[in-house]
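Below, each structure is written out as structure tokens.
Same chain, two partners: chain A is paired with chain B first, then with chain C.
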Partner chain A sequence: MSINFKQIEDKLKTEARKLLEEGKVSIVLAYGKGYDEKKPMPYVVRKTSDIENIVFNEYCTANMARYLVRYPRGTKIAIAVKPADSRAVVQLIQEEKVKREDLIVLGIPVYGMKNFKTGETIDSKTTCGIYNPVLYDILLGEEVHGQPVVSPYDVLVDYEKMDKDGRWTFWKKELDRCIRCYACRKACPMCYCDPCFIDQNKPKWGEKSPESQGNLMYHLTRFHHLAGRCIDCGECSRACPVDIPLYLFHKKVAKECEEMFGQAAGMKIEDKPALVNFRVEDSDKILE
Partner chain B sequence: MSRIGVFVCHCGLNIAKTIRVSELAQFASTLPDVVVAKDYKFMCSTPGQEMIAGDIKEHKLDRIIVAACSPLMHEQTFRKVVENAGLNKYLVTIVNIREQVSWVTHDIEEGTSKAKALLNGAVYRARLLAPLTSRFIDVSPDVMVIGGGIAGIQAALELANTGKKVYLVEKNSTIGGHMAQFDKTFPTLDCSACILTPKMDAVLQHKNITLMTYCEVTEVKGYVGNFDITVKQKARYVDHDKCNACLACTEKCPGKGVSEWDEGLVKRKAIYIPFPQAVPQKPVIDRDACTFFIKGKCRLCEKVCEQKAIDFEQQDTFSTVKVGAVIVATGYDLMNTKPLVQYGYGKYPGVYSALEVERLFNSAGPTSGKVTLRDGKEPQAIAILHCIGSRDKNNYEHCSRVCCMYSLKFAHLFKEKTSADVYQFYIDMRAPGKGYEEFYNRIIEEDVKFIRGKGARVAESADEPGRMIVEAEDTLTGKFIKLPVDMVVLSPAMIPRSDSKDIARLFNLSTDKYGFFMERHPKLAPLSTMSEGIFIAGVCQSPKDIPDTVAQANGAAAEALTIVVKDKMELEATTAMVNPASCCACQNCIRVCPYGAPFFNEQKGVSEINEALCKGCGLCASVCPASAIIARHFTNDQVLAEIEGLMEF
Partner chain C sequence: MEFEPKILGIACNWCTYTGADLAGTTRLQYPQNLRVVRVMCSSRINPSFIFRAFQLGADGVLVGGCHPGDCHYNTGNLYARRRLAVTRKILEFAGIEPGRFRVEWISASEGNKFAEVVREFTEQVKNLGPQTKFKIK
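Moving on to the complex of A and B:
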């Protein structure tokens, strides 16, 4: 079975039209035409005449959950989500940034999405490797079954072979290349602080110009702020103009969190964010 | 520009021994904004205090740094000094160079260097300190006492007699605790029930005491002066308002449960009062033993109850009580000695644990006070084994403190009620209490045999079926002895209640390695805990006898009174506040706050903090990803400046 992207696109258009016409939502978050097929854009559908611009193809990697927090509380929104994106929606509901009843989730079961820069399949390599949305109201297509199940953490094998010093050297080298464009922050559905700590002046947490110390401060703190919250969509890495493999750090932290607290981010609405939730049975490994 | 005065204390030689104090003062005088720096032998003494006050006036100081002992000791002292000299009390900073420096090193170089670093950080921080205003809150005048044993009863009565309202919470269906199970009390041998039951009754009659039996604390919110405590009233299946205590139900009931009061030696009914003098003297139904709950049929009690008090539909109910202070007096369990297979408890019918023997002596007990074995025969030889599980590296290292004395009491009672030979197997005899040594000497003269050696093993006798052999080394003669007996009494370790961990968690108490609640200071604050407004009394703190328990209970009552006697209470001004412009509405603060101080303002879409509830712990500030939360007195600027000062050195 392969994914029929055209069919998903058509269904997306049909559902978007229905929801807007019935007045159930005022906004549909989907994908629109970019300047070529490989560069579809996040697209906000506000009226039925916008619907013809909707597209869906294997390059629609953007995580539309990023845009949920932009609208005033109470705005009725329909959102197209791929499997990883649906986890972001769940996580945002957990964090009470959006309300479940304000959302209509259009789930897209899909695999074989591609990185527009390299053309490689991203499934479990830079995203979380699940094929069906964990939360949806309307499913745009059949649930995917029978695809090989690959752990999202398999890609860490080489990284985990490095010792502490090796990792430090690795990240210093990678993060030194950062040009501080903050595309990672902009692409991330969980990075919603305004202002971000790094933009603050009193106290000044880190240098703002792209240099080694400030880069480390920004990225390490961002990794920390996303611990137990990153839903592994991989958008930060794809957004990065200098291709820093941020996903490696996020996946490593996510793996440790999952081992320690027995829950992956954004899988269940009833879960509470792992690092701000105290449970008696929590592991004390973090203190060691 | 601030004008800082630095005062370095020698604390006699406590500090001066491992820190060069004059060098430290000299160093301080070179730091930015420091106008005056001095060292002195005892800064907390009157001349020391006067020196600080004088320098504030003379040098127009606006920040004071005292490098001395832990702020837990003298922060309040120095705050008073600066306040009297006209400065805001939050402008004094204590640098702990005793507990954190001089007492943890022998190396004067190391000590001096670390003290300099800490002082450097403190100066950097002090420059950014701001004056703060304390807040005053109303204090709830009531007190909750948890545990209805002798400690809880005593504390509740003392408090109630001062006119304060007391909620006495007990998880069992009656108050009385372990003391109600005892027959006699050492060393005076007065009847336990005779001295306890008047107090139990006084609790019931007291207009200031709300007795909450069959209840458990499930949630604690708030803080000293204003606790909101949720109490679960477990379903009794008997409406105590209607019940007239005729006890017809307990006669007719066919159900059989294990009598906790008689230590499981006999059965009781499924609808029962634990013992005749129980308070309140109204029955409850034990679900696990009730024929109706097991088989769905019976309801005999319902039929015989003229008051229509039986209610099988009753559910657990929850109520919230507001109190200013809490006394925890949850008592103890005896260690389960079954796992110590060498003593044969549970295997040989002749082996008893201490509380079971208490019941055998008691005229209201299973044998009506006759000392007979399980087969009804009178024992001919009895061995009392001390220190079972306590003073034992494999189990509990602590001494249970009361076993020597109650074993002497047992010996006396055995001698009185039987013609048996009585042997004490002890490691050391400990009788340090008023009249205890005299009691020990009295028992020696009653022809009780003392063998200095811990009982090693209890085995079946090969020659005389039904009898047992106690094996031990008599360490006074160095001989290994085997003694045939037909009754063995074990004195098991006293350990914290099995659910004391839950209590510790609810009230945020620390525990020692055995699970006993930790006092704030072993000598100077033995009844307080690190949680303000929570006090402890009785064996939940450590093993002790009745006189000590009662003394502690009285003390804890007085401690609780110091809080609830006031109408208003001063709260630290060090609370948190939200800068709404930076708040990203992640609501992490709301999730982590143990006091429920932050709340979400839907209108503005930001978190806000109820300062009356805030204790200034700083958790919210540390989890705020947007650093929108400012912890007063520990602002990011202040803390970062201090870190900078520490790192720089």
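Moving on to the complex of A and C:
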């Protein structure tokens, strides 16, 4: 069995048309034609005449949950989500950035998405390795069953073998290449702070020019702010123009948080984000 | 010359800071490498404080709070515990010695423990040597 992208695209168009015509939503967040097949764009559908521009193919990796927080509260939005993206929606609901009742979630069960730069399949490498959305109102396509289940943390094997100095050299080398374009934070559904801590001047948290120390400050703090919230969509790493494997660090922190706090980000609406929650029985061991 | 580390202490007003006061009034000796900053609660500590301290030249950071369950604001340190645990992990994953960062629960009556912890931690940081990875040149 393989995914029929054309079929999903057609269903997406039909559902979008239905929702807009019935006036159930004022915006549909989906994917639109880019300048070629490999570069579909995030696309905001506002009127029925926009619908013909919707596309869905294996390069539609963008996480549309990124755009949810841009609209005023109460805007009725339909959003097309892939499995990882649905976790972002759940996480945003947990964080009370959007309301469940304002959303119509169009779930897309999918695998075999490809990175447009390298053409490689990204299942579980830079995404969270699930094939069905965790939250949806309308499912576009059949649920995926029988795909090999890969742990999202498998890619960490090499990284985990490194010792302390190895890790330091690795991250120093990688982070030194950062040009501070902030594409990672623009692509991330969980990075919605305005202003971002690194843009603040009073207090000034870190150097703003692209040099090692400032980069380290920006990235370590960003990793921290996403601890227990990163839903592992991998968009940050794909957005990065110099291909820094940010996902490795995010995955490592996510894995650790899952072990320490017993919950993965964005899986259940009833959960509270791990770092704004506590259990009395948390032990001091986590501090060691 | 022997290396004298600079250590930033961030102490909660209700327990650790008072504990430090007690250590002072009971004339306990402890190394002078510690510079203490007082905050109202250990959950007031933004993890960026710690990263920033390292950037601006601290060799170690010691955070003190009330024992879990004793927080003046009931639950502050329970949040702080989770948050600071993550901070520690992040330092570790980036390859920075996690031994440069420590969280201790010290109550207002534990002047002795305060002096003991500072002594121990200073020794530990001394052994790790100057912190250069994070520091802005």
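Here are some notes:
Keep in mind that, in the parts below, the second predicted complex is superposed on the first by the 285 of 288 C-alpha atoms of A that agree within 3 Å, B and C clash if a C-alpha of one lies under 4 Å from a C-alpha of the other, contacts with A are read in each partner's own complex, and residues count from 1 in each chain.
By definition in this document, contacts are C-beta pairs under 8 Å (C-beta built on N, C-alpha and C of every residue); 3 or more make two chains touch, one makes a residue touch a chain.
Here the structure is a predicted model, which means the values were calculated and not measured.
With chain A as the common reference for superposition, the partners chain B and chain C occupy clashing space. Applying the stated contact rule after C-alpha superposition, one finds that A:Trp171 touches chain C and leaves chain B untouched. Once the two complexes are overlaid on the shared chain, A:Ala274 sits against chain C while remaining clear of chain B. By the document's definition of touching, both partners, chain B and chain C, reach A:Phe197. Judged by the touch definition given at the top, the superposed model places A:Arg73 against chain B, while chain C stays out of reach. By the document's definition of touching, of the two partners only chain B reaches A:Lys97; chain C does not.
Looking at the superposition, the partner that touches the larger set of chain A residues, chain B or chain C, turns out to be C.
Legend: residue contacts after superposition of the two complexes on their common chain; A:Ser209 is shown touching neither chain B nor chain C.
Shared-chain residue A:Ser2: touches no atom of chain B or chain C. Of 257-265, 347-355, 563-571 or 617-625, the segment of chain B whose C-alpha atoms clash with chain C in the superposed model is 617-625.
Overlap of the chain B and chain C contact sets on chain A: residues 197, 205, 275-278, 280. Looking at the complex, you find that chain A touches chain B at residues 73, 95-97, 192-197, 200, 202-203, 205, 225, 272-273, 275-278, 280. Across the complex, chain C meets chain A through its residues 47-48, 51-52, 55, 68-69, 75, 78-79, 81-97, 103, 105, 133-137. Interface residues of chain A facing chain C in the complex, by the touch rule stated above, are 162, 164-172, 197, 205-207, 213, 216-217, 220-221, 223-224, 227-228, 249, 252-253, 256-257, 260-261, 274-278, 280, 282, 284, 286-287. Against chain A, in their complex, chain B makes its touches with residues 505, 582, 584-588, 591-592, 600, 602, 605, 623, 625-627, 636-637, 640.
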